[in-house]
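Okay, structure first, notes after.
For clarity, chains are labelled A, B, C, D and E in written order, and residue numbers in each chain start from 1.
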Amino acid sequence: MIIKLIIVVALFAITLGIAAYLTLMERKVAAWMQDRIGPDRAGPFGLLQPLADGGKMFFKEDFRPTNADKWLFIIGPGIAMFTSLITGAVIPWAPALKTATETIAIQVADVNIGILFIMGAVSVGVYGIMIGGWSSNNKFALFGAIRASSQMISYELAMGVSVITIVMMTGSLSLTKIVDMQHGFWDNGWFTWNVFKQPICFVVFLITALAECNRAPFDLPECESELIGGYHTEYGAMKLGFFLFAEYVNMFISCAVISALFFGGYNFPGMDHFSGLTLTILGGVAFFVKTFFFIFVFMWIRWTLPRFRYDQLMHIGWKKMIPIALINLLITGVVIAYTEGWFSKSKDAESASNAKTEQPLGVNTSFEKTKTGNSL
Amino acid sequence: MSDTPNKNKSLFADETIDGQIATLNLGPTHPATHGIFQNVLTVDGEKILGSVQTVGYIHRAFEKLAERRPYNQITPITDRLNYCSSPINNMGWEMTMEKLIGVQVPKKVDYMRVIIMELARIADHLVCNSVIGVDTGALTGFTYMFQQRELIYELYEEVCGARLTTNIGRIGGFERDFSPTFHVKLKKFLKEFNKHFQEFDDLLLRNRIFMDRTIGAGPISGERALDYGFTGPNLRAAGVDYDVRVMTPYSSYEDFDFIIPVGTQGDTYDRFCVRQEEVRQSLRIIEQAYNNMPEGSYFSPDVPEFYLPTKADVYTKMEALIYHFKIVMGETPVPVGEVYHAVEGGNGELGFHLISDGGRTPYRLQFRRPCFIYYQAYPEMITGQTISDAVLTLSSLNVIAGELDA
Amino acid sequence: MGKVEIINGVETINGEGFQLTSLDKVIGAARANSVWPLPFATSCCGIEYMGTMGSNYDVARFGMERMSFSPRQADLLIVAGTISKKLAPILKQVYEQMAEPKWVLSVGACACSGGIFDTYSVLQGIDRVIPVDVYVPGCPPRPEQIIEGCMNIHRLVKSESLRRRYSDEYKHLLKKYDLNDE
Amino acid sequence: MESLSNRKKVVSNKKMSFMEKLYFPAILGGMWITLKHVFKKHNTIKYPEVKREFAPVYRGQHVLKRDEQGRENCTACGLCAVACPAEAITMTSEERKKGEEHLYREEKYASTYEINMLRCIFCGLCEEACPKEAIFLTDRMVPTFFERNDFIYGKDKLVEPVDQRVDISKRQLTGKRPA
Amino acid sequence: MSNLTNEMVLARLQEKFGDAIRNHEEPYGLLTIEIQSDKTHDLIAWLKTDEVLKMSFLTLIGGAHFPNDKGREICVNYHLHSLVNNVRLRVRAFLPIENPSIQSIIDIYIGADWQERETYDFFGVIFEGHPNLTRILNEDSMDYFPMRKEYHLEDATREDKDDRYFGR
């Protein structure tokens, strides 16, 4: 129990710290790509910049527009922040620490529907933006909120379908199981990581993750040149800070999920030579390296690409991403069925071991129902 | 979306699609306006039904001011018209004056002017195109191009001593010859610019996201554009190859070989492409002018009553001293007459209509400000499009507030 | 989050508004390194401000690259360019919409004094409608001068007591410009 | 519409090739460009520490020159004030008295000479107008101040100190034009 | 490009509009004709459609104020341009200051809209038939036409200036 508490607190602190420093990283990455230096005057190499931003926002006048809905205006950023923080709970950050007496999972909760939990929490997150944008009583904010919600709904579907593909291959919704399935790096003449098995699925997931995080080229809800600030136009001080913070936390979590689902999470080549604490630490390092690489990719994309237009965004979401994801799902299903021997006459393939793993297809259908039910 | 040019002729669409109609204030301080002007959009969701413009937020009474300033003090005022390419304005005004007093400047001055003016055109188009990039969300191209623009500013600085509002050149020539540093910097610029420019081009031009965004955004047909009085790159994007440099050559533009890039539909992508190509053509012109620069004086010796004598002469020669005082006091007589002179500014035909009554100040000086004239087409161009298109159209029209409001 | 009231809990040496406490210093330093500007760029100086944002000068080094076009989020109002009499009420409105603490940087001759445009339509200096903290001369100023102006703002921010915004002097200042306190 | 110049060339190509339709080639190409810049040396001038060199003819803060013997060149003729489009220069002239020959070069001098730096647009017309080579714009910048009144530059700030001469020799391109 | 000269243009114009053309001159090679103010609209409309002249581009509309010319105080200039022939033409009409009204050409050139509004704003020229003849650059509350010669340029509130120094 105490260990769990420590993990919770540590995760909370690390997430916040990383999110804070991601703002700095974003500014630095942008600067490097633009032949600039970036923040360098707040502390050495600008390392105190996030603290300065936080300090400033904390002591800024807290402002509420006269016509805004008072409570919703406050709740909005709260929801955004809360949902983005709780998603980290189900991510396995490192290989379980096996001591002589017990096995300590470096994870807050190994729920067996981990990935479903993340999807659910993320889709609640949009309410923060919607409420915030709507309650500000500002047209630009409202536009941002509308764009955010429709974008979330559209891209969640494709994201869900691409996740299902992985779930089908793994046979489990638990993130720990998905990660463990990708053990090591090379096995049976092929890579173990899902990205090599499901490259299309990965691309779809990456794109939808960008959209879910409102990152460029999908940053329509707050696109500065059109909507001034989008949903947070009327927000100032720490409430704005919450929104911005939530965005970076979301990005961090998304990248962690990407590396867990597709890049083997804490697995790394040659991990079998280690054990115990070393393995845990090295695995954790591997996980964070992967995560940060994807964060860099996110930023890299943001500072390179122009953004879509609203209707093009919808077009891509519904007419491209979802069909691609569905076709991929279908192919995967056929391949799985084939390898499992469903097409051969003998029913051996439906062995006891297979039946134990929670009936992949059954799970999928129920999962999809929940999803559609949610979003419509 | 709307691949066909906008057929909606009325400023306001009467029929509405289902849903509620809202008004949205684009400006005065909206980030997309890059300057200060207001558009009140009527929108149904993201779709724009109509727009009402308000301009005049930085009306500075240029024309009235010009009636109160002696001729040689008007050059600094013209700087502030289209401040992205102020040397073109300066030289347009100087050429107008030269036309009025009837002086032929040496060929070398013409070539020097061409170099400076084309540099200004490059700077102007770079600002416009990189800002289109910013408005689509790609900030990085903007920073690449601004580094190049900074080099152009350094070149101005070598010639005249200022970066943006240059006050470059004088009636009858230049205030000083190109310095050795200028030559070094210009050569370096000519050598390296293309590489960086190509990079910017690669970043956006054939990127499908960018193409999807810009193709069909804010289109206008050639006929309609002419009706509205479009000139410059925006008209050429609509397919009409009207260019003052070719139609009524001034400052020896007839000596140079360049093509006039045109577009087809007059949408944002056309405007972007036309400007990109114009930058390349300008570079070609600069190279031609620089390599064939004739020998000679950098000012016309024929106009002692307008071109300041050297300081050394002022101290030693009575005549020079008198001219000096007369020029500075603005007491030199000018012919009574009426001149219209047009140059190809960054945004189109920049005209100077000068009525002189022989006094020390212009009797009436009217600027033909291309922005002011074509910006009125904006509501028509965006009707039926989305807010994002409106923003892009605005930045691709390159509406410069200083020129818009005068 | 209500209004921040922490300041009252910190003891100052003699209780006066302009005496800096150590909290003042920390917060001042934080604020100074994170001044988010609202570029109210109307004309020529706006282009030069864009140049300052560009790679060659890079205001990002001061933590100022996040443009806040929404006045709620901005700390520094950079008025760059001519303000005509038609625009003056809008400028005032933008200033009023900004949340405390806020500063104003007046960039260029036109914003500072009307510059060359001594005409019927141009406001002769924005300090006729809003209080200005730092003036930057030039027409337009070089990016160096704009950075210099920003650094002056930073100095001001650093040395400003958290209490100043509640002081009588400040209220008097706002009253002079006919601005609401809240 | 027929061609007006016979020089026109359509430059925009809106047809996308198959590869371009796929989004990814151009996106990856763009990302490659930006990645290359990550490893490039930055192009920033760290302003307060590093200063970019201005052109010698840069039009910055004014200086009122003294001659070689330390006498003020200005004779308060007022040409600079007349030439100023921003009307930023004001002065009052005074007759030079006996015993002041070491201070002022001419018989008349400016007892007050003020430039309103907030009005000034640094166009350089005053420098050109001056028949006595007294006023020059230099490659120094006018600093920023908190108060409006600090920008009225009087003679105390404009006249160069005898021991700290402002070098304008390179600017004299204007003054000593080659024929 | 045909070689249309100013003489040919003038001859064709005089043939068509005869008496309405009061005056003509050629300052700096730009043919300028003065036309009766009530015929301006017809002339410009005809010029746009004429097969020979093809003056189908409106370059500029502007005003000028000549307070000493009684009955003809306000002048309205139209600059037209035949892009095909590359010939420019300046058409002007004089209006009395008591009733400076002239027919709007917005139905011929939609681009005349703002230029007419600007001319109204500056000189108070009433363009009959203009759908929205309001001030464009100045505030609506302004009660004079600032470009007329009798009005001052300077802002009355400026304090830091002493006119004695500037010779104005």
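Keep in mind that, in the parts below, a contact is a pair of C-beta atoms (placed from the backbone, for glycine too) under 8 Å apart; a residue touches a chain by one contact, two chains touch by 3 or more.
All values reported here derive from a predicted model rather than from experimental measurement.
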Neighbouring chains common to chain A and chain C, by label: B, D
Higher-contact pair (C-beta pairs counted), D-E versus A-B: A-B
Chain whose Cα mean lies nearest the overall Cα mean: B
Separation of mean Cα positions, chain E and chain C [Å, integer]: 45
Distance between chain centroids, defined by C-alpha means - chain B, chain C (Å): 32
Approximate Å spacing (C-alpha centroids) for the pair chain C, chain D: 25
Chain A and chain D, separation of their C-alpha mean positions in angstrom: 53
Residue numbers of chain A (touch at least two other chains): 30-31, 33-37, 40, 224, 228, 303-305
Interface hub residues of chain D, defined as touching at least two other chains: 4, 27, 30, 33-34, 37, 42-44, 46, 82, 85, 87, 116, 119, 121-123
Residues of chain C touching at least two other chains: 55-56, 58, 61, 67, 69, 86, 113-114, 116, 118-122, 139, 142
Chain-chain contacts as defined at top: A-B, A-C, A-D, B-C, B-D, B-E, C-D, C-E, D-E
For the chain B and chain E complex, residues of the former touching the latter: 55-56, 59, 61, 63-65, 67-68, 99-100, 226-230, 240, 242, 247-248, 329, 337-340, 342, 349, 351, 353, 355, 363-364, 366, 368, 372-377, 405-406
Complex contact set, residues of chain B against chain D: 69, 72-73, 75-77, 140, 144, 147, 154, 157-162, 165, 167, 175-177, 179, 181, 199, 202-204, 206-209, 211, 215, 222-223, 226, 236-237, 239-243, 246-247, 258-265, 269-270, 272-274, 276-277, 308, 310-312, 314-315, 321, 324-325, 328-330
Contact set on chain E toward chain D in their complex: 1, 83-84, 86, 160-162, 165-167
Residue numbers on chain D that touch chain B, as the complex places them: 1, 3-5, 7-14, 16, 20-23, 26-27, 29-30, 33-34, 37, 43, 54-59, 79, 82-83, 85, 121-125, 128-129, 131, 133, 137, 173-179
Parts of chain B lying in touch with chain C, wherever the complex brings them together: 28-31, 34-36, 56-61, 64-65, 76-77, 79-80, 83-84, 127, 142-144, 146-147, 149-150, 153, 163-165, 401-402, 405
